[in-house]
Every structure is written in C-alpha cells, then in structure tokens.
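Shared between the two complexes below is chain A, which pairs with chain B and chain C, respectively.
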Partner chain A sequence: MSDVLLRVRDLRVHFFTDEGIVKAVDGVDLDIERGKTLCLVGESGCGKSVACRSFLNIVQPPGRIVSGEMLFYGGADREPVDLAKLDAKGRQIRQIRGKEISMIFQEPMTSLSPMYTVGNQIMENILLHTGTSKEDAREKAIDLLGQVGIPKPDRLIDEYPFRLSGGMRQRAMIAMALSCHPNLLVADEPTTALDVTTQAQILDLMLELQHNYGMALLFITHDLGVVAEIADDVAVMYLGKIVERATARVIFNEPQHPYTRSLLRSIPKIAMKREELDPIKGMVPSPFRRPEGCTFHPRCPNVMDVCRHVVPSVTQLDDTHTVQCLLYEPEPVEQARS
Partner chain B sequence: MWKYIARRFSTMLFTLFVISLISFAVIQLPPGDYVTSLIARMASQGAGNISQEFQAEMRSLYGLNEPVYMQYLKWMRNILVNGRFGYSFVYQRDAINLIVERLPMSFALAFSSLLFVWAVALPIGIYSAVHQYSTVDYLFSFIGFIGVAVPNFLLALIFLYVSYRVFGRAMVGLFSQDFADAPWSWARVVDLLKHLWIPVIIIGTGGTAGLIRTMRANLLDELNKPYVETARAKGLSENRLLLKYPVRHAMNPFVSTIGWTLPGVVSGEAIVSMVLNLPTAGPVLLGALQAQDMYVAAGFVLLLSTLTVIGTFISDLMLAWVDPRIRLQ
Partner chain C sequence: MANQLLATQEQTDLTMRQDDYLLEVNNLKMYFPITQGLFARVKGFTKAVDDVSFFIRDGETLGLVGESGCGKTTAGRCIARAYDPTDGQVLYRNGDGKVVDLASLNSREIQPYHREVRMIFQDPYSSLNPRMTVFDNISEALKVHKMATPKEMEERVEYLLKRVGLRPEYIRRYPHAFSGGERQRIGIARALVTNPHLIIADEAVSALDVSIRAQILNLMEELQEEFSLTYLFISHDLSVIRHICDRVVVMYVGKVVETSSGLDPYINPMHPYTEALMSSVPVSNPDAREAGARIRLEGQVADPSSPPSGCYFHPRCRYVRERCNHEEPALRDMGNDHFVACHFAEELSLEGVRMV
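Then we have the complex of A and B:
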C-alpha cells in the first residue's frame, strides 16, 4: 500500500493569450509518495515548471487551472484537500504554501530580493506560519543556515543576498523552504543555474536534508544525470502530458515510451565519439500548433499511421509503470473508429 | 558608502561652480553694463539724474570697470560674504529681499504639489499595474493622458471661472486680504493652506499623470521577477507581498528624483501663478528677464539651481539609505 501525499488527476493548466490558448499542462496524472523523491523530466517548454507551480496554486494570469484535482493528504488527520479547488489568493492555500508545500526556484540570483537581508526573508516564512517571537525565529533561521552548510550563519543572516555567491544563495533558499518542516518540497531546476561542483554539493545537501526531514521531494530537471543520482520514481513529461512514469531503475533500464528512449539515447557518454551523439530529431512544436493525435508523432522513431490522429491513453504496464503510447494499447484502431 | 558620498559631494561642488558661471553669464547677456541700463531706464521714466557718486559707487561695488573675471569674483564675494545678490532697479531694492520673499512660497508650492502628486499617483499606478488592461486601468490611462495634454494655465482659468461662479469670488492668491501682509502666525498658515490646494491641484495634475505611467511601468517590470514568486510561494497575502517586494523595488527611481522636482515646479508654476496671482518666484523671474533686471534674474537662477543640486545630493543619500545595493558597494 503506497502512502500517497499528493494525488494529481487529469490536471489541466491553460494560458489564455491573445494568440490562442496554450495548453501548458494537458491532463497530468501524478502520485507523489510521502518521503520519496519524484523526478519530473522533460525538455524546455514541456510544462514541468507550470505543473509544479500549479501544485502550489501560484500559476499567474493569463494561466489558469482549468480542471482536474490535486488531493493533498498533508494535514495531521491526512484528510485530503483538493488544492485545485482552493481560492488562489485565499487563506487556506496560503497556509499550505511555505508550510506544508514549499518551493525552491531555478534562479538563486533573482529569487531572493536584494532589498532585504537573508535573515529577514527566512524569518518572514517562520513568522508567517508559526506563532514564534522574532528572537526565536532568528535563532531558528541561524540554525537552518547552519544546517544548509552556510559558514558563520550568525553573521551571514544579516547579509544581503547580492553579497553571497550563487551556491550560497541557493543554500539560503533551501533554508527558507525548510523553515516550517514541509511535507513536500518542490524544487524547480534548483541546480541548473549553478556550476557543476556547486550542483553536486547542493544535490547532496538536498538528499541529506530530505532524509533528515522525511519529506517528499518533487525535483524538476532536464538533466538525466541528476535524475539517476537522486530519483526514486521518474515521470517523463512531453508537451503537457506525462508520457511515461516508473521507478528510476525501470526508466533507465527498460524504458518503454519512444520519447523516454530517445531522451536516454541523447545523453552524451564520456567514452563516446562525437558523431555518435544521437539527439532527438526535430524540435519541440510551437505551443499554438500542437500536432494532432499523439503529440510526439512527428518526432517519433516508431511512428505508426494511427498515431497521427489517435490520442493515446494511459496504459498500466504493471503496478508502478504507466505509459501513454499507442504501441502499448491493445486496440488503438478500434478507438479511432469510435 | 563614504566613497559614494564623497564622490557625490565633489560632483555637487563642481556643478555648483559651473552654475555660478552660467548665472553670471546671464548678467552679462544684455548689451551695455548694468549701470548704463539703470541710467537709461531712469531717464526714460523721467526720474531725473542719478548722481555721479552713486554711479561710481555702483561701478566699484560690482567692479564694472575691471575685467570680466574680476566682476565675477566681486559678484560671488558679495553673495557669499554679504549675502547680497545685487540691486533690482525694477523693485528698487536688493535682489535678495525679493528672493527671500518669493522663494519660500515656491518651495511650499513645490513641496505640497509633490506630496499631492505622490499621494494620488502612486496608489493609482500600483493599482493600474496590478490590474493591467482592466477597465479601471484604461480609465486612469485616459484621465492621465488628458491631464498631461491640458495646459496648466487653462486648468487655472477654468478653476477661476468655476470658483467665481460657485463661491461668488475668484480664488486667487495664496492669502486672504487680511493676511497678505501680516506677519507669520498660526492663523496665517491656516489661511495659506486654505488657498494652497487650488494651485497644488492645478500644478499637480500634469505631474500626476506622468507619474502614474512611470509607476505602472516600473511596477510591471518588477511584478514578474522571481523574488515575487518566491514571496508568493511562502504564503504571503497578495497585498503584503506586493508592498514589501515589488513596490519597494519600483519606488527607488522616485526617491532619486525628489531632488530635482523643484525647477520643474517653478517653471510650471510661472504661468499658473500669473493667472492666479500667486506671490511665488516664477512671475518675478519672468518679469526680471523681460525687464532685463539681471541681478534679480541671476540671483533666482543661481539659488534655484543651487537648491536643486543640493536636493539631488540629498536624494542620492536617501537612495543609498533605502537601497542596500548602493549603500554596500
């Protein structure tokens, strides 16, 4: 029996722009289990970032959650709350943000305001969600900064973010996100903007803290190397849909969806000669002109006639492995007629 | 920080020096020297002759028989040591008296207009940015453009007309008759406030419209910054996060411009002041330039510019105070 923390069903987030509707998230099903790490991978523009913002209900206009449900089993009684139904500006969702579910972002340089000290911005979160005094919040912030490996935390707490390096800022962001012991930490490409050595340190830190805090981690990335290092489960996203979802071991050893396979083939390996690099052919289609049928068919190496006009549905390969591809559907042609 | 202040301060001193040169050049602009124009003017008014002793005294006081740089030095020394800006032949008194009388009124007007503009424009600008492309946003943009387009003097005339029709008397001047020449007292201040709001609104309208646009644009730039999203993800309420983060960032450009609102208001108020008969610097400066009363004109130019430069210096300090990025670099 799996212990689900966040159950997302048929989530759709659309952006209503002047040029048309962009279906950034178009029917996503996802289960995030308590204490586990789920990696959400995909190319730029596939909707990963929008999806994870919708879990906090902070998608900004012209974007809007159009339908679907996001059941969050966070409270002490584990009664589910449907995050999609909550008023995005209301008190209820604001008490979940930063406390039950917190988030760290890609750009540590700009995600902290240069106008306030690091301490001010961390304490803000603590003061907002707990009834502690300013002094206690400060103690707590110093303690957190120490936990995330910031040297001399009692001095750096009064420092302004622009005086810290990128890695230090991301550590401060992590400290801020952890300050209220969240059940779920959403990390949107937290290491992408950092150099490789710092990346490795931040990843190690996050795994260690995840273990200490016993929280679930939703890690968004396009870096499969990172996925291999940290993931329990992997969800592969393409144009607003989860095309394959399985445990990390299955994804890397027996990928089923042609897109997952292409992604894995496109990783350069150190021993490889340059011309052997095998990128996915074609480009991500324009968000305004999504292909009909299976959205991946123009780039798919295993494309069949039926893929051009039939939208694949979710096929359950086993308990933990689902794939959205017509190759695995028993009677795709039948569906096309009906 | 100290380096920043020192650099700003030395720039300020240099600017002041250049300003004094330009103001002095203003005196030199009309043909003939000052005493010659004074005699010509007296003669044309049939005021009789000016004694030779007075002429000689004037010439030596301003060094009119000496080279230009000596004239400049004497003029500056008179100002810095004696606080004398030269003699106004139109008003028959020392220019400094005029300036002391008029400039504080301009100051009061400038300061009140600034407060008015900020109090009106900033909230509207914030609202317009947050509700971009809403009906209210379009409405304020529309009103704003009208505010920019309608000349101030026209607004002043309309006000005069309306006040005459509604109150039965024209709301002109800054004081009632009883207080016009009275010494300063609490009652006089109250009387001033009763009159001040009309020119403040008239002068402020144009500035308000411009400021709404600027605030809206500044804030729109900030609203999509990642730190706003961070604050939202913390669970802060929209109003609180708006004021604490993006509005604070968007305010910086305004802090740095407080210092140089004065000259804009003085040149903007000149015509309004004439229409409304306000005892401010603008009309006197204009009159002095028309009558070639050059010591008065130069005195106003010099003092206004000096106050502006000092104001800018103070704004720089304030900017450093509110923005840690400047303070700590």
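Then we have the complex of A and C:
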C-alpha cells in the first residue's frame, strides 16, 4: 500500500476570459507519495504551473477550480482534507499554506518582497504558524539560512533581497519554504533561471533537505536532464492532461506515449555523439483552438484516424505506469472501424 | 562607397596566423569604468573581457561557454562592434581575402562590416521592434546600407521568410502576432538579410522551449550549409554547444581558461573549471545517477571589478595550491591545439563527460 500524501482526482481549472474559456487543467489525476520526488514535465503553456498553484488554492482570477478533488493527508491524524473544497481566503487553507505545503517559485527576484529584509520574510512564516517568540524565530531563521548554505547567516538575515545573487536568493526562498517543516514542497522551475553550476548546488541542497525532513517534493521543470537527476516518478503533461506517468527509469528507458518519446528525442544530450535532433513538429496549439479528439494528434508521429475525434482515456499499463493514448486502447479503435 | 573606404585603410600589413581563419581575436580587452560622485570620477574598472584571444575558422561553429558574468556576451558584442573595445585586435578576413582589424575602425569605416558580421539575440520578445512589421524589421539593414531597391527588398524578405520556415504572407504582420519560436526565426532572417559571413548567436535558443529549441538548432545547421555561414555560438547551455559546435572556448571571469581543437574540453578537460562545469550538467539518463559523485563548485563567480589574486579560479578550485594564490597562469599550449590556463595542467588528471 503506497503512502499517499496528496491524491488529486479529475482536477479541472478553467480560466474564464473574454475570448473564451481556457481549460488550463483539464482532468488531472495525480498521486504524490510521502517523501518521494515527483517531476511534472511538459512544454510551456501545458498547465504545469496552474496545476501546482491550484494545490495551494492560489489560482488567480479569472481562473477557478471548476471541479475535482484534492485530498491532502497531511495532518497528524492523516485525516484527508479536500483542498478544492476549502475557501481560498479561509482560515483552514491558510493554516496549510506555508506550513503543510509550501512553494518555491521560478523567479527568485520577483517572489521575494524587495521592501523587507530576508530575515523578516522568513520570520513572518515562522511567527504566523508556530507562535514562538520573535527571538526564537530569528534564531530559527538564522539556523535555516545556515542550513541552505548561505555564508554568514547572522549578518545576511538583515540584508534586503537585492543584495543577494540569484543563487543566494533561491536559497533564501528555500529556507523560507522549509521554515515550518512542510510535508509537501512544490517547486515551480526553481533552477531554470540559474547557471548550471548554481543549479547543481541547489538541486543537491533540495535533495539533501528532502532526505533530512522527509518531505515530498513536487518539482516542475521542462529540463529533462534535471528530471533524470532527481525524480522518483515523472508525470508528463500536455494541454492540461497528464498523458503519461511512470517511474523515472521507465520514462527515460521505455516511454510509451508518443509525446514523451518525441520530447526525449528533441533534447541535445551532452553525453552522446552528435546526431540530428528530431523535434516535435509544430507547436503547442493556442488554448482557444484546442484540437478535437486527442489534443496531441496534430503533432503526433503515430496519429491514427480515430485520434481525430476520440478522446483517449487513462490506460493502466502496470502498477505504476499509466498512459493516455489510443495506441494502448484497442476498443475505441475497433469501434471506430466497425 | 564601401570599396573606397576599404582602399583608404592603412591596414595592408595585417595577417592572421593561418589562412583558413575568418576571425582572429588577439588580446581583446573591454573595461567598463565604475564611476562615483557628481563628476563621475572613475574609481575602478569592471574588466568584463580581459586579454582574450581566440580564432574562428571559415565555415566552422565556435562555441563560447561560461557562467553568467564571465564576459562571453561582451566578447561577442566587441566583435560585432556593438561596443568599442578598450584594447586588442579583432582581425577579420573580408571577401577579397584582405585582413582588417575591426577594433580599430571608426564608426564610418565599420559600416560595411556591420553587414558581414550579424547578431542573433537571446530574447525574441525584446529584440524585434514591436512597432515595425516583420518586413520592416527584416529589411531595415538593407535600407540602412542602401543595398537594394524596394522591389528587391520585398523579394529577398519573402525568400528568407520562406527559408526560415515562415509563410511569406505574414510579411505585413507585427511581431506580437508570433510565438517565441517564430520570432526567433524572424530574428534569424533579419541576421541573414545582408548576406553575412559571420553570425554571432548570443544565447539564441536559451529562451525557447525544448521542442522549439530543437527546430531552431536544426534550422541553423541547415542555413549554415546553404549560406556557408560561420557561427560564433555563445551559450551557457553545454548540451546545446556540444550539439552544434565544432570547437569550444571556455571563459571564466573575463579570461579564456581552456580552448582546443574539436570538443576535447568535454571528454578530456584540462582545466579544473572546465571539469567542474561539465560535471554539473544534468545528464538525461536516470541510470547514470549513481555512476559517480559530481564535482560541486563552491561559492560564486568572482566579481570582475575586484577579481581574486593569482588565478581567478583559485578560491573555488579543488586542486588549489600555494602558487595559484599569487601567480596568474598564462594560456599555454598543451599540444594538439589544446590551450589551458592552469599552472598544473600537466599534473592533473581530470574527468570529462562520460559518454554513453
């Protein structure tokens, strides 16, 4: 029996704009296990970030969680709480945000407030959730900054974010996110804006802290190298749906969905002889002009007639491997033929 | 007009080390003054590029790699003469086989070379003028250099649009109507419009999605063959450089630390910084995860306005010794065209990227 921390079922997040409805997340099923690392990959605009924001219930209008459930087994009694049902501004979700589930964002400059010192921002979270004294909170903040590898944390705590480099800011963000020992850390492209050497430092740090705190990590990225480095499980997203989900080994060695395969073929690999890249043709379609049937069919190398009008459902290939593709569904294909 | 200008130059005695070089950069320096106070008193210099030398052969792709702030972009811009270098030579072989020093030309004399050396920029959103149509954006250089009649211009732009994979019907549209990948294609067409020889691609694919990045990389390779282009490819993405480049130059804090023929620095690095850089690239193979401990660089890139003493890399180097503290290493020839700026390059045995 797997130890599920967050069980997402049929999550739908839609944006109601003047031009029409954008189905950013369109029926996502996802299990995040306690203490494991799940990577969510896909091209820009496929709904990765929106999905993660909805776990914290911080989707901005005109976006709204339309339906679905997100059962969070976080508390001490492990009683499930349905995050989707909570009032986004209510007391209950605010006790979960920053304490049980915290988030790291891509742009470390824009996600730290320029008006407060680093220490102030970390202490705010501690004071809000634990009710310790200010002195204790300050000590805790210094300790955290030291843990994330910031030199001279007792001096740096009174600095403003603009004085820090990108890597240091990202470390401060991590310290803030970890300040209340969350069960789940959601990291939205935390290393994309960093240099490779800094990225390697931050990835190491996150894995080490995950090991120490035993938290689950949901890591959003489009860099498949990073995925190979840190993921236990991988979920591949395309236009609001999880098209394939499996362990990292299976995703890289035996990918089944044509989108996953194409994605892997389109990256230049540092450790391989030079060969022509095989990019996915075309690009992610506009959210207002979503293709009929399987949304990937206009770009799919294995497209069949039936893909143009039948929406694939989830096929369970084995215990840990699911795929959403008609190639693995014999029935609709035969029905369409007859 | 252009020919007249060339004729008046007194740079007849310039030569390059080898005949197949298109560009040779010698001891290039670009110092930016740091000023202070009401009268902008100069209190120091940021040595963005400090005594950099390398060359590019005709028709090859040279990769310039390094972390942010190492001066790779500044070096590229000095070659394109977007900056006026503080010191050094940028030798360029023009169509007639004559060698000119681009760094010493004044703003009038440089004009004909602005059409031979062109740039592609990183951010396809800010590098196109949003108030100009695709046609105006691409043809601007033709107009500036008075290279074509309006009819020829239209034909050329249409041809190039088709060639970079866009429909010529889009010629009157504005950049906002295009996606990032399409804009980058427009940027490439704009660079190609003057029939250049050398293209400086500054992080040209870094802002693009994986699948679009692969499309653009393939396109650039096709165009290189078709228009016999030479590329200087500036990037921090080592996998991309590995894919597209024939040779690499590794920079650290304004200096070249390693360069070689072929892609030796990947497989057989001789500078500790190159080794660490290669080791920090994530390998897209989960089975390689346990294969070996990575080298983690401690600390941050040194500040180019107050670099450390001796070898700039010594505070982060895992092989550091006494000598590195006070003596600056020169770029030395290790044989086989492999140049390394490290005192102990012979003694160290460093590990490169493991090939799968």
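Throughout what follows, the second predicted complex is superposed on the first by the 326 of 338 C-alpha atoms of A that agree within 3 Å, B and C clash if a C-alpha of one lies under 4 Å from a C-alpha of the other, contacts with A are read in each partner's own complex, and residues count from 1 in each chain.
One rule holds in what follows: a residue touches a chain if its C-beta (ideal position, glycine included) is under 8 Å from a C-beta of that chain, and two chains touch if they have at least 3 such contacts.
As the structure is a computational prediction, the values presented were derived from the model and not from experiment.
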| item | value |
| --- | --- |
| First, second, both or neither for A:Glu254, with chain B first and chain C second | neither |
| Chain B versus chain C as contact partner of A:Gly167, first or second or both or neither | second |
| Residues of chain A touched, compared between chain B and chain C (which is higher) | C |
| Which superposed partner A:Ile267 touches (first chain B, second chain C, both, neither) | second |
| First (chain B), second (chain C), both or neither touched by A:Asp158 | neither |
| First (chain B), second (chain C), both or neither touched by A:Pro279 | second |
| Residues of chain B that touch chain A when the two form their complex | 224-227, 229-238, 244-245, 248-249, 323-325, 328 |
| Touching residues on chain A, where the partner in the complex is chain C | 43-44, 165, 167-168, 195-201, 203-204, 222-229, 231, 248-249, 252-253, 262-264, 266-274, 276-280, 283-284 |
| Complex contacts: residues of chain A adjacent to chain B | 53, 56, 58, 60, 89, 93-99, 102-103, 105-107, 110-116, 121, 124-125, 128-129, 160, 162-163, 173, 176 |
| Touch list for chain C against partner chain A, complex | 67-68, 179, 181, 209-215, 217-218, 221, 236-240, 242-244, 266, 276-289, 294, 296-297, 300-301, 353-356 |
